[in-house]
Amino acid sequence: MRMGNALLMGVAALAYGVLFAPIVVIVVFGFNAPLGRFNLIWQGFTLENWLHPLRDAALSQAFATSLGLALSASAIATVLGGLMALALTRHRLRARSWIEMLLVLPLTSPEVVLATSLLNLFVQTNLPRGFGTLLIAHSLFCLSYAALTLKARLVEMDGSLEEAAMDLGARPLQAFRLVTLPLIAPGLLAAFLLSFSLSLDDYIISLFTAGETVTLPLYIAGAFQREISPQIHVLATMVLMASVALLGLSVRSGRSA
Amino acid sequence: MNVSRRSPRAEARPPLHRQAWLPWLLLTPGLIWLLLWFVLPLAQLLPVSLSENADRFRMTLVFRGRIANYAEVMTQYAPVLARSLAYAAASTALAALIAYPLAWVIRFRGGRWKGLLLALVVLPFFTSSMVRAIAWTTLLGDDGPLLSTLRALGLPPGTRLLNTAVAVVGGLTYNALPFMVLPITLSLERIPTELLDAARDLQAGPWIVFRRVVLPLSAPGLAAGIVLSLIPAAGDVVNAQFLGGPNNRMIGNVVQSLILVQRQLPRGAALALVLMALMTATVLVHVRRHGSSDLTLS
Amino acid sequence: MPRQAQPVPAPLSREEPLPSLGRRRFLRQAVLAGGAAALGPALLAACRSGGGDRKRRLVISNWPLYIDPTKDGVPGTVDRFRKQTGIEVSYSEDQNDSVAFFAKIQPVLAAGRPIVQDLFVTPYWLAERLIRLGWADPLPLDGVANASRLIPSLRKPSWDPSGRFTLPWQSGITGIAYNIEATGRPLTSVDDLFDPRLKGKVGFLTEMRDTMGMLMLADGKDITRPSYAAAEPSFARLEQAKKDGQIRAFTGNDYQDDLLAGNFAACVAWSGDVAQLALEQPKLRFLVPPTGTTLWADVMVMPKGAPHRQEAAEWLKFVYDPATAARIAAAVKYISPVAGVQEVLARTPATAALARNPLMFPDREMEARLRVFGPLASGEEARFDERFASITEG
Amino acid sequence: MIPADFGVIELEGVQRRFAGTAAVDGIDLAMAPGEFFSLLGPSGCGKTTTLRLIAGFDRPDAGAIRLLGQDVTDVPPHRRRVNTVFQHYALFPHLSVWDNVAFGPRNRRLPEPEVRRRVGEALERVRLGELARRRPSQLSGGQQQRVALARALVNEPAALLLDEPLAALDAGLRRTMQQELKRIQREAGIAFLLVTHDQDEALALSDRLAVMQSGRIAQYGSPREVYDRPVNEWVAGFLGRANLLADPLGGGRTMLRPEQLTLRGEAPHAEQAGRRARVVAVTFQGATLQVVLRDGDGQELVARIGRQDPAAGVRIGEVLWVVWPVQAGHHWSS
């Protein structure tokens, strides 16, 4: 028993070690002072990269594009997905299992397949590829995640709360605003964050649908070919720090509700 | 994370609103989005996969009902397909072996740190996978910190990690970890501790408690974790591209090459659809057996 | 020929070139210069669709680090062009992958619409394809006197026999870069890449013509008129090496990462890159195989329907001025296409060594080893691409 | 069947089907003002569905629902003058006790001083004045129950609907809350419609009750009527233990409650009926003893006797006379 316990703890510790190994490298190499173009070998400590995180203008531009894309795609996904989740949990629908299957399939489809099919659609319909097509693609794969996350939240939430609100004279929309919305707010935030991080990170689908637009992952894939600046590591660390803050926020708001 | 009390009749609850059109009003925008950008493109891929590329640079496709496209990619890329599935299976198995004990520790030893421990599993994935790939190349390089350390500890020189199957499977395993840990933890969370007490009360040792009680009850979570790990792994592109060598390419790389480099859209489409069919079959089997709720981590 | 079997030593020059190239900040400056204009193309595209475009603009897309940047108060070529002509240049360094770039522009050009760029720099073989597809406009060469004063190897190119559609930006040599410490000996031939002692430490390029050209030449084949049949033995050799685990990876420019990190002992590489990398890694050497290798060119192309012909003409004239061309060559260390650059560099003591560098200015011995990979007919090219992909992606 | 002088709530031929089966199968029902009315039945009998139909969360497939004489069949819940106390209370977890109670009045756009007055009163009525700032999660089950009551009562509904309101409470608390409910109902003078599966609760609280079985109402009446004169064996059994004796002359059965039986050594005299039976089990039940006996025909009889009863000392195996007055019991002729 004691040995089993030690083994268990050992595996867990090792797992966390592996999970954070690349993260440590990313954070540490943000402080590296590479001699040449490739921030791959430790050369020496500097704060220079942190003092000028946006020095790499093309990187900053790609980062800004990705942020804008992730924000708008997550907004679309959260709204559309939220509405779908409401319909699926608060109404009796004959087609429910079909719709749920339709929602599950995009997230269980290999990315490269989605990418291929979207590219083909855009090419065949002569839709010029760029930010718009990226937005379509990203909001699509985020939609499933958002809808299913929110659906889980809504199922968990006691449906009689909304009935209670209406029973107490709230009109359906009022009941939604006064009761449902505040209660699923942590879920909305979680769905939004999940969509946001998925969109920010997507490479394959973006590669196929981006046209001339350069997102952060596309830029970094390109940078691998020519220059891996420490600013890449700095920005990644910043995103991580922001995520920690938001994650803390959502955990806290989830707890208070 | 806290499992809130469910209303026992939440599922059977009759409609709140009496208007039959209301749910459809709520569903319509999302359904249109899904139909337009998911179902339609996939449906369009089918005729493309049966076409002939009359001019590969102009991408003029002629529909010929050319089933041979499938036969060709299946014969030519059978080894890559087999390799992809093998890598995906290996990484899924590894991820399960690591994730289960981890989930166990989080669930039964986590105490008030449970939420934090779970968040820590997800946290690394808030960094860009591209940047993580760069970090892996730094870590796994021949003169990198890992191999240097191991060599100092007596690993024979000449051992490589980067650009090997080990690195690719390792990368896939890494990506699979949260998708494995989350559903397993959620399913363990649903097992009341009284059941474990009951088992112990009936003279079951820790191993028996695990094998006869916990494992069967967490099976749906494990199954969901397997599906959620297997599918992205089988279609992965990035790990083979950045961490693999020429003998470790996966089916995703081939699809990418067929479409973007070789400009053979029909064959690329055919291969993509084969992959899609395999994965959809996996999902359907899973959903039939376990339902879809665990797949969505709910 | 005594030098033939000897590798060209790298670093090629430890002296600072003309628009002095600091090592660490070189890149940041370059990216700053180019990246500032990153928003430009989109705005321009918007303007263009609106019709009346009175402003003098020019949209150029090039490979990264392929021009002299503005640095330490010394304006780079782009800035000097801006100042001298008043033309608003959007200069993007967004060409990472010519194949991906073609995939991007193909649907637009196929639909008969203009793309964002007025000029872009692309490999010679891709230019040849664009010309063949009718997706390139003839360049406005009338005012560009130096366009006819190209270095001999680039005159009457096989990819553009009329010479009206392309003008070389830079040219370069594909060779073998290696870390002498890792190999333990100087490499002397293509066969050394297949030395079992280097197993798992060898890289080849994903650029099919560069990898295959070098191998075919080693097999004694003529690559100026390539045929699939002639290439097959070289393909087989490559495939076998891949299966044996001899080849660690097929790479694009990222072979530089692996060379620096010590993952590659030797790899197929491009001359100018190695000259720059050697500044960081003094143990790097560059071999131009005695059996011959490919001379390639990245050329400027004007896509069909590009609106700013006049401005493009001024750009061509500007960069083909030997003084400007010399600055660019000194920065990127590739072969300048413009005749007279060698003389300009030789006149300045700081760059005199560059003028003697055979990788930048191939002498007759060097030139004798260089071949341009000839055009492939469409069906033939498909076979090459497919076979090559079956090795790199199989 | 429906008394004429009504009523707060009236149901007429109300039907609701789910997936083909009728959950509520044609119910008629009428409630008087100020009446404490219970819908009693086993789980799945349709009583909660009926309540939800009245509250407006669901809509009948057939039939009509009237509130205060007005047809509300198609009126949405927020415009019905009834309020519900939910089984799990459905208190809004993100609002304080005060805000929960103020939810209804605010929805009716009462002026804020008025809201304050009413909420204060309602909380006083359920004796929760000092907990107004707390969140529901910080309250005990009984306190949550009171909040739910106050939240409904504050709206001065025409009728209050209670869905198994005491089911989640433990036995002691449940008894206290039963008295509380009764007190509050009397004080407020509002009609209460209680849905419950607990016959003791229904018998103790109700002025009248309806026993439901499989979507239909099996019997109406006062608690006494329903208990003493159930319409059939099922109702008899559902309301408590019942001894069912076949009439010796055939065709008909008599129901005797255990407390109607006495145990004696001697045979029954005139005006009495009885049987000889052997004691099979004696169960101590606090104030009473439950004695199970079996007669010569194998018929089982259950008697409940006081602890002061001379027969309180019976032992298993003893043979006694089980005796009851001839006019006691309820007779069904077949």
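Order as written gives the chain letters A, B, C and D; numbering starts at 1 within each chain.
Following the convention adopted for this analysis, a contact is a pair of C-beta atoms (placed from the backbone, for glycine too) under 8 Å apart; a residue touches a chain by one contact, two chains touch by 3 or more.
These numbers come from a predicted model, not from an experiment.
Visitor: I need the common contact partners of subunit B and subunit D, sorted by label.
Guide: A
Visitor: Find me the chain with the mean Cα position closest to the mean of all the protein Cα atoms on display.
Guide: So the chain nearest the centre of the shown protein is A.
Visitor: Farthest chain from subunit A, going by the mean of C-alpha atoms per chain?
Guide: Using the mean of the C-alpha atoms as each chain's centre, the farthest one from subunit A is D.
Visitor: Averaging only over C-alpha atoms, locate the centres of subunit A and subunit C and give their separation in whole Å.
Guide: Measuring from centre to centre gives 37 Å for this pair.
Visitor: Report the inter-centroid distance (CA atoms only) between subunit B and subunit C in whole Å.
Guide: Comparing mean C-alpha positions, subunit C is 39 Å from subunit B.
Visitor: List the centre-to-centre spacing of subunit A and subunit D in whole Å, with centres computed as mean CA coordinates.
Guide: Taking the mean C-alpha position of each chain, the two centres sit 52 Å apart.
Visitor: With chain centres taken as the means of their Cα atoms, state the distance from subunit A to subunit B in Å.
Guide: 16
Visitor: Using the touch rule from the top of the page, what residues of subunit B touch 2 or more other chains?
Guide: Residues 5, 7, 14-16, 59, 137-138, 141, 259-260.
Visitor: By residue number and range, which residues of subunit D touch two or more other chains?
Guide: Subunit D, residues with two or more chain partners: 57, 76, 88.
Visitor: If you look at subunit A, which of its residues touch at least two other chains?
Guide: 40-41, 123, 158, 160, 163, 166, 172, 207, 221, 224, 228
Visitor: What part of subunit B is in contact with subunit A in the complex they form?
Guide: Subunit B reaches subunit A through residues 1-7, 10-11, 13-17, 22-24, 26-27, 29-31, 33-34, 37-42, 44-45, 48, 59, 98-99, 101-102, 104-106, 109, 115, 119-132, 134-139, 141, 174, 177, 206-207, 227-228, 231-232, 234-238, 242, 251-252, 255-256, 259-260, 265, 268-269, 272-273, 275-276, 279-280, 282-283, 287, 292-293, 295-298.
Visitor: What does subunit A use to touch subunit B in their complex?
Guide: That would be residues 1, 4, 7-9, 11-12, 14-16, 18-23, 25-26, 29, 40-41, 76, 80-81, 83-84, 86-88, 90-93, 99-114, 116-121, 123-124, 136-137, 139-140, 143, 147-149, 151-153, 155-160, 162-163, 166, 172, 197, 200-201, 203-204, 207-208, 216-217, 220-221, 224, 228, 232-233, 236-237, 239-240, 243-244, 247, 251, 254-255 of subunit A.
Visitor: Give every residue of subunit A touching subunit D within the complex, in rising order.
Guide: Listed in rising order, the residues of subunit A that touch subunit D are 158, 160-161, 163-172, 174-175, 178-179, 182-183, 257.
Visitor: In the complex of these two chains, what residues of subunit C are touching subunit A?
Guide: Residues in contact with subunit A: 23-24, 27-28, 31-32, 34-36, 38-39, 41-42, 63-65, 93-94, 96-97, 100, 104, 107-108, 111, 116, 252-254, 256-257, 260-261, 277, 279-280.
Visitor: Which positions of subunit D touch subunit A when the two form their complex?
Guide: Residues of subunit D touching subunit A: 55-57, 76-79, 82-84, 86-88, 90-94, 103-104, 107-108, 151-152, 155.
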